[in-house]
Each structure stands twice: as C-alpha cells, then as structure tokens.
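Presented below is the structure to which this report refers.
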Amino acid sequence: MAIITQLLVNGLIAGSIYALIATGFSLIYNVKKLFHIAHGGIYALSAFLAYTFIVLFKLNFILSFILTLIIATLLGVLIDLLIYKPLRKQKHNELPLLLASFGTFIFLESFILLIFGADVKTFNFHITKGYEFLGAIITKTQIIILIVAVISFILLQLFLKKTTLGKALRAVSDNKEIASTLGINTEKITMITFAIGSALAAVAGILIGIEQNLEPSMGFMAILKGFTAAIIGGLGNIQASVLGGFFLGIIENLGIWFLPSGYKDAIAFVILILFLLYRPYGLFGMKTREEIAG
Amino acid sequence: MLLKIKNLNKSFDGIKAVNKCNFDVRENSITGLIGPNGAGKTTIFNLITGLTSPDKGEIIFEGTDITNLQSYKISNLGIARTFQLIRLLPNLTVMENLLVAKKQSGENFLAALFKKKKIKEELKINKERCLEFLKLVGLEEHANKLAINLSYGQRKLVELARCLATEADLLLLDEPVAGVNPVMREKIKKILLKLKEQGKTILIIEHDMKFVMNVCETVIVMDEGQEIAIGNPEKIQNNSRVLEAYLGEKVKI
Amino acid sequence: MIENYLIHLLILVGIYSILVISLNLAMGFTGLLNIGHVAFYGIGAYTSALLTLNLHFPFWIAIIISGIIASLFGLILAAPTLKLKGDYLALATLGFAIIIESIFKNWTSLTRGPLGIPGIPHPSLFGFEFSSLFSYLILVIIFVLITYFVIERLVKAPFGNILKAVREDEMVTKTLGKNTFKYKTLALVISAFFAGIAGSLYAHYITFIDPSSFSVLESILIVSMLIVGGTASNKGAILGALILILLPEPLRFLSLPSSMIGALRQMIYAVLLILLIIKRPQGILGEFRENVA
C-alpha cells in the first residue's frame, strides 16, 4: 500500500514537470500548428542557466529564477523569429518545420554539451527532510515543485480566460484568419505565445534542477514526454495537457512496479503510439480523427 | 441503369449534407447534376468514389453494391472522376500524371526488379496511349512539363485527360468548365459528345447552366441534400421548385 | 596512415549511403516521414551480430537474414501507423525508434544492454577474411552499388511513379485505382530491408555494437543527409552522406577534448540542416518540391 502511494507521489512530481512542458508545447501548437521540439532545448538550457546563476555566480534562488525566465523567454521568441518565421513565409508542409525544430533542438543540446561538458551538474541544495503522507515520503523540494507548477497553471488559466491578450490568443488558436480581420495582431500574439510557452519550459527546467541532477541530454526525453502528455490530453486543449502530464507521470511510475525500471521511458512511447493509433484526439481533444488519421 | 443511388444519407458534424437522396444514371448518357451551393453534389461524388462512406443507403454500379468499397477498388470497377479544385500531382510531369491512371505490370515491385524488358515495352505502349488522350485535349506538346508549370486552363484539360486515361466506363466530372474560356468550353463539349459516342457514361456537376442544358440529356437537380427534380433540360428549366431552390423564393410561372 | 583513415571514412560514407538511399525510397519518393529509420539499422546490426556470434551463421547468410528481419519490423511499424498523417506519422516512427532503442538497452540477456556486443567476426569468403580496410571498402562498395541499382530500378519503373503519386496526393492516387496502403507498406518494408543490410555491414566492420550507435540523434543525422543531398535523388543520397561525414572531419585537427569535438560536430550538423531547410529545402540534387499548401 505504501509503495503505491509512494509511486503515486513520485508520479505527481514527475507529472508536474511533464504538465509544464506539455502546456507550453500545446499552447504553441495551438497557435502555430507546429510541433516545437526545440522546446525541450529551452527546458534544458534553462536548467543549466539556473545552475550557472545559482552555483557558479552564487546568486540567490529567486534572482536566478527570474534571470533564467527572462533569458529563456527571449530565446523562445528569437527561435520563432529566426527560424520558424522564414519557413512560414515559404508555405511548407510539415516536414521542414519539424526538421528545423529538431535541428534547433540539437543545436541547443550541443551548445550545452560544449559549454558545460558531459558531466552531470547539480544545484547542490541541501537534502531536505521529508514529510510523511499516507505512507509515502514527500520532501520539501517536491512540495515546492508541486506548488510552483500549480501556481503556474492557475496563472496561465487566468491569463487565457480573463485578460484581453489571453482572449486574443485563444481567438488566434481557433481561427487565425478571422482573428486578424478582427484587428488582432497575429504576429504579436505569436511572439507572446512563444514567450509564455518558453517561460513554462523554463519553470520546468528550474524545478527539475532542484530535484534531480542535470545532464546535457535531459531535454530530449523531456520534450518527448511533454508532447506525449499533450497528445494524451488532446492537442488543442490546454487544460487537458495539464491532466495529460499528470496522467503520464503516474502511469510511468506505476508502470515500473511491473516492468524493469529501464523500460520506464519506453512506457511513455508505447502510450504515445497507442493514443496516436486509437485515440489520436487524446482524452479530451478537439481535433477530429480525420485530421490525424486519414 | 449503370448507377443507382438509393436512399443515400450523409452527415458531417451533425449537418446533413446528403438527405435521403435517390436517382439513377442511365448507361451511355450525359447526365447533369446541378443545384445551389451546398446542395450536396460533390458529397455525392465523394460517396460514389468511396472517399467517404454514407451513414445510410446504397450505391449500385453495374449491378454491384459499391457502397462501402475502398476507393481504389471502386476505381478499378470502372469509375473515374475529376475534382472541383484541380488535383494534379504537382511535381510530376503531365505524362507521369496520366501514367498513374494506367494499369501496368511494372507497378508490381517484383516485376519492376526482374522483368525490365517487358516493363519497358509496356511503358512505351502506355505512353503512346496517354499521348492520344493528350492529343484529344490538344496538349501533346506539354507531355514532359511539370504539372505545376501549366496554366489553369491547361491543368483543367490535363485533369480531364487523366480521367479519360483510366478508360473508365463512368466518368464523374466535377465542374469541368468552371473558369474556362468559351473556346475551351466548346472543345470540352465536343470531347464529351465524342466520349458518349464511344459508349461512356458521364455525370457532370456544373454551375454553367447553358453548358448543362446544351450537353446533358438528363438533368438531376439537388437542393439541401436531396434530389428535387429529374428530367430533360426543358422540363427542368420550367420547374418551379428548381427556380425556388436557386432563387430562394417562390416563383410564379 | 592517412590513407587508412580516408578508407575508414569512405567505408562509413558507404554504409550511410545505403541507409540514406533506403530512407529515400520511403521518405523522398513516397513521402513517408520516417524519422525513426535508425531502428531498422540497429535491428539489422544486432541480428547480424547475434546470428554470427551465437549461432555461427556465416556472414553472407546473416546479412540477408538481417535485412529480412529488419523488413519484418518495417511491416510491424507499417501496419498500424501508415494511416496517420504527416507530423503524426513522424512522431509515431520516432516513438518506434525509441522503443527499439529501449529494447536494445534493456533486454540484456539478448543484447547485453549498454555493455554492447564485442568480437563480431569479419566476413570471410572461401577462406579469405575481409579484415583489411581496403577489402572491407570493396565489400561495402559492392553493397552500395547493389542498393543503388535496385532502388533506381524500382523508382524508374511504374512502381516508382506510383510511389511519387502517393507522395504528391494520396487521395487522388486512390481514385486512380491504386491501393496506396499497399504501396506505402512496400516502400517502408523495402527501405527497412536495406537499412538492415547497412546495419549488418556496420556491425561486422566495427566488430562492436552498443545501443548508443542507434539513437534517435543518429536518425536525425540520416534524415539530414537526405535533406542535404536532395530528396528523391539516389545520387543525392550518396552526396549527402559524403558531405555530412566528411565535413566535420577538419574539426579533428583542433586540439579540443573529444566531447567538445563531438558537440561542435553536432552543432555543425544542426546549423547546416537548418540553413538548408530555409534556403534550399530540396537539397543539392533533389527534385524541386514546391508544396501546394
């Protein structure tokens, strides 16, 4: 019994990270219809930037958090302007954009490898005590991760539902042409979307750094799981990405109860393929089946 | 009757595109399928060619029930179509576009590997056949041009030629003269009449009333997913329901 | 010394050429976004290694069986995923590659996991062992030529025309009487076969394989070679392999630690890929691909 609760707790923590990544990814997909794989690069770079500020420059956590967020946000917008925008002008089908996104991701990952080397890095935070909860142990840092993640989601919801900008963003996701005839500046909305999405990735990167070691290849698995979570929830539905993230985190962790732990990553991809084949619109999604499988 | 549409129904997202539709197409006829926008005409074509399946109803072709058959099988039974928005294969040449319509043993990958000579000969014959169809529409000099490099009118003719190249018995033409100049229109009219002489059956969707009334011996009028009138052109032109469908109000004759 | 190194590079170019030409059949000609092609490469390599080491099959039989097993996996991938469109197919193939890589890493009783499989024997024919670099180069060149001519013949035949038609507009191709699912499946299966062959050649050359050679990153590299050389062009495929293998070589002359060189090399690939996609998406020798949006 205690094991299951522990696995559930672990699942929730992993799920928070996946949900953050999935949400940013989904937001960008919604507005630009693009699979922004480079998102994982922003996640990883954010983690290493936070490391740089916290461990190398010895700044306090809050300041590092803010600095990292700013840089990551700018980077996300830059990627869109430099790489995706020229391709959009050329009216390609999906493959060039997808490959360019992969290329950007590889560039970011190699950059991290070049600057920081291949050894794992850590924030060197003290090991905090754990609290007991229904037979499972949850540490202070894990609670922080959960709280920050939930706050981020609530802020995002408020932004999308209550602010004019947020509503404009939703309008553009729904129907770009109509939105622009209503006077919405779609270019500006695109930039804001990338900014917010990248900020979410940055939050995820910083949070994971509190809990785990960093290595240059961390972005790859993260983004793959992030978009698996987005697909599970249902592309086109931001709230569902959050649920998809938690769902994936929990299933993954419960799964290693039955399978050798090395297969943990493969669980996510089996789920991905199952969803793509049998429920491509996810649990709550809005795209029709015909848009995904002819 | 070559083609029978029986009680066909199809909805998309809750909207009925085709609603209890019934009509027959006589063999070796040129039949027109007309109606206001949204009447369900192209959906009927999609249903016949298997690109989408009906919710209810049957489609019988030459005595065979083709209602839920896969597209490629339907095509091989002898039905070919053109598309309202021209769908040529952009990065292939005109000749390559037409060759896809032909059945060749070289399509089998094993034959492609081991029977080079036979395939070469077959290809030569098929190229000549396709050239004949290109000559029919007057485009034989453009055989080796890439499809994207042609003008709108030329592409429309290539699409028609490709449809003919299948040598299908039933040709479904979706707006064959839309956006086409009068000279071309005459040309296409002559081609259609010639095809009829050769024994083909043609079903045309068109908005060009003059063309339809000139070329078709039977006209089927659809509105809101259903057939509302079937008859010869004269009868149709004087039918008040038809006028109402197009003009949207009751018209006194 | 330097000739040996050049021959080594050419052998790699040869092996990658086979990979890229085979990928071309599925991706360049048929338009299937298979970014998980590396999975077939790995399956071929592991199959060949295990057959020769554990079951003492001669190389010549092992390589053919490797191709066949890889193509069976192609069938396994094709059956459920070919109905997916565009991006979604790409992601499913990616997922497939990750699952296969995961199996290589975790099924340790079969593959020895991350420890890899050492001591894979060189091929031998009537007592002559292909252990010298030069002899292996000849072997690889022969297989490259076989692959090239087989794929060229398929592509020039009506079979190839239909593959291209499927790429351009699958729906129309169906209405012209072609069973497009069958063609897509064949393209993937044949492409997997040759990737398996390439895997076998790799295994018996390096004589050691481990899961890291068959990562998703490797797959992106192969796709990059295709893009650079030119989609739907077999000569382009070879050119792409040539360029991407040889281009980062001058980096070796910089006295940097090897992980940094690895990182720089990857950065060069990434930049090249992005630049080409933006500036010349059809690659150097490819057919012009204007996509009708």
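When the chains are written out, they are named A, B and C in that same order, and each has its own residue count from 1.
Here is the rule we use: a contact is a pair of C-beta atoms (placed from the backbone, for glycine too) under 8 Å apart; a residue touches a chain by one contact, two chains touch by 3 or more.
Predicted, not measured: the structure shown is a model, and the values here were computed from it.
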Contact graph of the chains (line, ring, star, complete, other): line
Maximum distance between Cα centroids and subunit B occurs for chain A
Of all chains shown, smallest offset between own Cα centre and global Cα centre goes to C
Rounded to the nearest Å, the gap separating the Cα centres of subunit A and subunit B is 48
Whole-Å distance, C-alpha centre of subunit A to that of subunit C, is 30
So, in whole Å, the Cα centroid of subunit B is separated from that of subunit C by 42
Contacts with two or more other chains occur in subunit C at residues 171, 291
Listed in rising order, the residues of subunit A that touch subunit C in the complex are 35, 83, 86-87, 90-96, 98-100, 102-104, 106-107, 109-111, 113-114, 117-118, 220, 224, 227, 231, 260, 262-263, 265-266, 269-270, 272-273, 276-277, 280, 291-294
In the complex, subunit C touches subunit A at residues 33, 35, 80-81, 83-88, 90-92, 94-96, 98-99, 102-103, 105-106, 113, 170-171, 216-217, 220, 223-224, 227, 259-260, 262-264, 266-267, 269-271, 273-274, 277-278, 281, 291, 293
In the complex, subunit C touches subunit B at residues 150, 153-154, 157-162, 164-165, 168-169, 171-180, 186, 190, 287-292
Listed in rising order, subunit B residues that touch subunit C in their complex are 49-51, 70-72, 75-76, 80-81, 83, 87, 89-92, 96, 99-104, 106-109, 111-113, 116, 119, 123, 148, 162, 166
